[in-house]
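Two complexes are shown next, each including chain A; its partner changes from chain B in the first to chain C in the second.
Up next is the complex of A and B:
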């Protein structure tokens, strides 16, 4: 109920604070005063790039853990588990220095590349790949199909559903990222919409809550839409990836 | 003669097989690595190396650009644990965990049990309850910043209409941490609700049916079927919420900037301030190590207990 209420009040603020002019005015002004389109575009690019990067890297890694047998595989698997114990926040200082030394401050690469590799994504897909019958691989081997071709033409299409789940999750969490974009961007050209919202909030005068709220609503609309469509998938994927 | 011949043949075949096998092993190893290399490289550059670098930096004083200058051994750690500001930060962090985790989990559990009933239009409530998962830290904090606003905010206006004196939600040291916690609980609910609902839905319905046959009441079923069957999911949700609480940053940055009088200076915010405002990367790294150890303990606990103890009774 608290959630319902707070959603109601958000809308009330938008209409309530400027009753003479109608709501859209706040939006227009938010867009006029801040490069919101640029922020939204930046967020979109960064989130999509991270999403694709995660999908490619985790599906490759998951394939190796499920279908390939080689020495050191188990060791590497433990290495992946170990990555889950290192919070990004705890290693943020050297990460910042690395990005700075690479000249990646204020670039899309600096915002996106550090998040490509994910143990969670790998485990989620590994869980799914394991359900593909082994006979399928044997048959393809007899037909002389190589691993990469099998990965590309059989495994990925069969696992579409969990790839979508991971994609949604990756997009959601990238779009909502806060600390890293705050550190690794210094100008409006690459700044993401979350940091843009902070700018909006700190620079606006106190009595212009309507404009600030308009900004906040713009920020959450894409993720809310995505969540409404992907809710069932996410719920299933997250529980499976987490518990098995 | 024939015996030695046979042995010889045997030997040569073994000899011939060995390099082939070795070749194959190397080949399959290379193939495995080819699939894993992208992840391994990125993990090394952006995770393992930074982790060791953080440990290294924590033993040094640094220049403003972060390069280490003087080796000081454990001094950063000693200073840290005798610094009242850091000790306060630790206290606030643990209080914050205590305020947010049980409340988030209990509220979500309650909501998910209601939302699991098969009623008409329940889908609407499910979507509503899980929606805060799609709301970013920045957006949520800005909403709550308005609600907490001392004069215009909704909370004080409601209090005012009851004739209660206005509360300085974010400026009063007594209230600030609690206010930040309320915001965080609100943000947590979406995720914890979604996971718990998933856990409830995966409980085998035949368990409820057999309880029904035995004439068990609603509360009995809740206590004897739902809660035990849900325990692995609960455990997962609790540890994840604790880990998230330790990593909270955005809501602090927008709502309070760590104030008033460092009351809401949670550990990640404290690291951020030490490193990127005060440019003391050495002592900031020492704090990061503390955060690392805290999360390490939680994750280890999750792996260890999650597998065994908390399972179907």
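Up next is the complex of A and C:
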């Protein structure tokens, strides 16, 4: 529907008739009306940074939860998991205050850093790491390999599928993020595409639905591409550990 | 070469019951030493303590005279083979074999030389580029062994390395491991629950049960002179036939399970009559088919297994099930009463209360003398 509408003239849309002409005008106007490229670029940067940050932090955390033995490890892990129950909206004000005090408003780091730590990612990877036979760690211990090297050369390559899953998941959720970028950005320089889309809607008295739809289509393209290529891996990764 | 000494080694989890209790043991250089016991006996724990993967709760572990209690595994100069092979699934066979050497920073040319040598020895030359999942169980095990060879560690620990293989391959690998050990001359500590493996491979065997040493010795000694009932029934396949017995002085006979009366002469049993409660044991091969001269025991057959070269027959004796192994093929039916010969000199006597051996079979000793 949205895709069809993005190719229709405004008149056709408002009268609710079948499309009479095929036009690319909406796309051209969407790019003219607001700095879509800048927004797309911002979104891309933020999403990729968040993705990488999540992968690094949650894989390291998961490694600690699986392979390192320390007192209170399980308790800490449950505490970690419990944070999944706190909705992001509840922590949005403290988060905002922190980045404001750090002077990170209108910066990429302000947009990305609060999302680096994810309980979900840690949980997913922990389940995955747990399936790595502990003999592998023992064999590497006998060979004289330290924890960090083992993490890099064995754990990460072995759990590639789950890392890809988490990466895609992290990328998509940050690409579609709305509330946080709205709060932490004030200008077009760092604003992400979802905010831009919203702006399209309210700028005019009369909404130009064709243009909005064109913008929306552009925005969902990366999502579709990622889903298309990653679907198999995503399914495999998400169900991994669920069944034995 | 490594010589290993365990002095009063114990292991307990959470300061509760001991998993291993005061293990004292010396393993000589270049020895093939087998640790055998049922599951839960603590044999794997002991091996892992030697490897340094498990903390030692008490006692001293010495390798080549030096205390190793707090030395990390990598500095103990040993290699280990695991039950599930512990191959890195994302690395090729070649990288798997070289994994340890890279971590130890061995020079590249030397690495290559050792790789080719080990691959040659284990017949892996064709498979070097494959991934572990593309290999069969036996091939995977050979890769794990090759990893041990390239490390050139003087001490190798193996934790049930053959239990994931099928019976035929297992027999084959037994010979390969044995030959490899003799060729390289390393000290090998081998953990298994399979007493056949223990018997056929070990220079010496230690039988472990409930965290306690039952007996240490040469395989044939364990077979002929088990120190207690546990070792007697654990070593040997089929297991030793065991029955409660009484010695009747008046009739000069031993009564087994209130069913069998075995006449004995008094000189033969001079040590035995002191013990009222006896348990006798007899090996399956000593329950011979009855002859014309000796057929005073008739036993009821409950099962017959034709193995081709021999026939395994199970009898009901009191509350026990006894097994006999007769060479050749016998056509016997279940339910039939069959004459069986039981010679008193084949009997082993145990104290029923403590399970300790009182007297081992006389006949065996004689045969041993003839053989040597």
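Note that in this section the second predicted complex is superposed on the first by the 208 of 244 C-alpha atoms of A that agree within 3 Å, B and C clash if a C-alpha of one lies under 4 Å from a C-alpha of the other, contacts with A are read in each partner's own complex, and residues count from 1 in each chain.
Following the convention adopted for this analysis, a contact is a pair of C-beta atoms (placed from the backbone, for glycine too) under 8 Å apart; a residue touches a chain by one contact, two chains touch by 3 or more.
These numbers were taken from a predicted model, which means no experiment stands behind them.
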Three-chain arrangement built on chain A, chain B and chain C clash or fit: fit
Partner chain(s) touched by A:154 [first = chain B, second = chain C, both, neither]: second
Which superposed partner A:73 touches (first chain B, second chain C, both, neither): first
Touched partner set for A:52, first chain B, second chain C, both or neither: neither
If touched residues of chain A are counted for chain B and for chain C, the larger one: B
Partner chain in contact with A:164 - chain B first, chain C second, else both or neither: neither
Touched partner set for A:136, first chain B, second chain C, both or neither: second
Chain B versus chain C as contact partner of A:105, first or second or both or neither: neither
Which superposed partner A:144 touches (first chain B, second chain C, both, neither): second
Closest Cα approach, chain C to chain B, once both complexes are overlaid on chain A (Å): 8
Chain B and chain C footprints on chain A, overlapping residues: none
Partner chain A, residues of chain C touching it in the complex: 51-53, 72-75, 78-80, 82-84, 86, 88-90, 99-100, 103-104, 151
Residues on chain A engaged by chain B in the complex (per definition of touch): 2-4, 6-7, 9-10, 13, 56-58, 60-61, 63-64, 68-73, 76, 79-81, 83-87, 89-98, 113-114, 116-117, 122, 147, 151, 172, 175-176, 178-179, 182-183, 194-195, 197-198, 201, 206-207, 209, 212-213, 215-217, 219-220, 223-224, 226-228, 231, 234-236, 238-239, 242-243
For the chain B and chain A complex, residues of the former touching the latter: 25, 28-29, 31-33, 35-36, 38-40, 42-43, 45-51, 53-54, 57, 66, 126-139, 142-143, 145-147, 149, 152, 154, 186, 189-190, 194-195, 197-199, 202, 232-233, 236, 240, 243, 246-247, 249-250, 253-254, 268, 271-272, 275-276, 281, 284-285, 288-289, 291-292, 295-296, 299-300, 303, 306
Residues of chain A touching chain C in the complex: 133, 135-136, 138-145, 149, 154, 157-158, 160
